[in-house]
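Structures incoming, each one as structure tokens.
Two complexes come next, and they have one chain in common, chain A, joined by chain B in the first and chain C in the second.
On to the complex of A and B.
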């Protein structure tokens, strides 16, 4: 390639330039809450293996105001994360076709969201009443 | 004409011989209901400042040469109309993430001379037949497997929409990977192993973090994000050595 003087524009602050990128960053950022919540659950499992006293102290720790604040925040961000997860599912899914035509993206997203809601209700019912 | 109005167009100017960095220049441009952004730029060049430099050719969204950032979004300027921005102003910049050569002209050689040739963007037949054997036939189902990807016009809007390409210019990028899939998905092609090195690389499909904006901005309905993310699965299967058994046409 011949050398030509060009101007390379800086990328600093790129994600603030377009609302689409802001939503992308929120989507990626929300996974931090998801991971933290998963770690807290895993710690609970570990404490369960260490006997009744350890289990009870883990459960007591969950009732602190900071813990409750975190869990509300995590519920919000993870709900948003779940929505974005299904929103991009048509891009990560294989080339799904019905009668030779591509399955509408909306159906894949709606199917995923419904499955998430149904599973959440099912888990709630099992935990609460069974 | 009775319905002529005037809109403010802000254009990025950069003269490599004089300027250390680009600046914006504002023009008042008359327009009617059917004036495209490209025609607005042509008005500036014809009547206000002949030194304004930009690429264009067909004026009907098929050649792919007039892509610009219009109010921060990658658009074909022939396919975007001034009426939709009035009474606000229009800010026109060269396509993001590419080096600026002059005014609205980008240096696209990274794509045309480096990345595109690397994927062998043509059919690589397994056992070439003589012309006398006739055409390679294909069913409509086989045709529809790659049809949308073959609509790419190399306009580079998807690269301007991809922050990963801006941050890591070595990333193969949306159009190249969509075209790679276009040939791999063609029943007449046997070249997937020759393209595997580009596809499997860190700078190949794995450079994509699924921002997804490439598929939003494509003026031809190509879905690069889908092509890339389907091929993350193919790349994984290739890593474990199972792809060649799953590809009926594989490993010719």
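On to the complex of A and C.
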């Protein structure tokens, strides 16, 4: 049987052709940083079960310049992800109505961003002072 | 008709998305940046006895498990569907690697949290 030679449009680097898709890939790519961070925490938990010396060496490892660089990149991409998450929340959240009218999209997004800021302050205060 | 397992993964993805949007930036900032460089966060904040006490409390365990597990499942969902965008087609292998990895990580976290005691 002869092979059918259909033209297949090359898709290499498709997302670099349009800024919208570049933002899409950054958002999706942030999940790689998030997963890596979760694994770093999991390793920290393992070291915690192994005693004080192991825990301290995990903390020491986090002071390496590569670790700091990774965490800065993770912070940037994951923060961007958080922003996109609240940005689409008006479309993904259940239908919220006040007095029969749908809540303005801006309010839902603003509410999400405020929730992130409030939680961040709370976590900081707890970790630092409580 | 065969029931779809998508709702389960979608729920875990959604829960992980909300949790990561709320706490991931500040957690990364604290544990990965300001605590290691010792700026705005004293070294005692993350000292052994304090973090151990947190991980031994039932509520601390719940938070640690939620963060690790939901972050992993959220990322697994994105990675599983995102692989298609870079030319790796979705199949049993990529599914096992992404969701399977998230499941293994979650089980490991749960095991360690039990091992660490109460």
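We take it that the second predicted complex is superposed on the first by the 113 of 130 C-alpha atoms of A that agree within 3 Å, B and C clash if a C-alpha of one lies under 4 Å from a C-alpha of the other, contacts with A are read in each partner's own complex, and residues count from 1 in each chain.
In the analysis below, a residue touches a chain if its C-beta (ideal position, glycine included) is under 8 Å from a C-beta of that chain, and two chains touch if they have at least 3 such contacts.
Here the structure is a predicted model, which means the values were calculated and not measured.
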Partner chain in contact with A:66 - chain B first, chain C second, else both or neither: neither
First, second, both or neither for A:78, with chain B first and chain C second: second
First (chain B), second (chain C), both or neither touched by A:100: first
Chain A: partner with more touched residues, chain B or chain C: C
First, second, both or neither for A:91, with chain B first and chain C second: first
Partner chain(s) touched by A:17 [first = chain B, second = chain C, both, neither]: first
First, second, both or neither for A:9, with chain B first and chain C second: first
Common interface residues of chain A - those touching chain B in one complex and chain C in the other: 11, 15, 28, 92
Chain A-facing residues of chain B, complex: 14, 16-17, 19, 21-22, 72-73, 96-97, 99-101, 107, 109, 113, 140-141, 144-145, 163, 166-167, 209-213, 215-216, 223, 225-226, 229-230, 232-233
List of chain C residues in touch with chain A within their complex: 14, 17-18, 20-33, 35-37, 40-42, 45-46, 48, 51-52, 55, 64, 67-68, 71-72, 74-76, 78-79, 82, 85, 87, 105, 108-109, 112-113, 115-116
Chain B-facing residues of chain A, complex: 1, 4-9, 11, 14-15, 17-18, 20-21, 24, 28, 88, 90-92, 94-95, 100
In the complex, chain A residues that touch chain C: 11-12, 15, 25, 28-29, 31-32, 34-35, 37-42, 44-46, 48-49, 52, 55-56, 59, 62-63, 67-68, 70-72, 74-75, 78-79, 81-82, 85-86, 92, 112, 115-116, 119-120, 123-124, 127-128
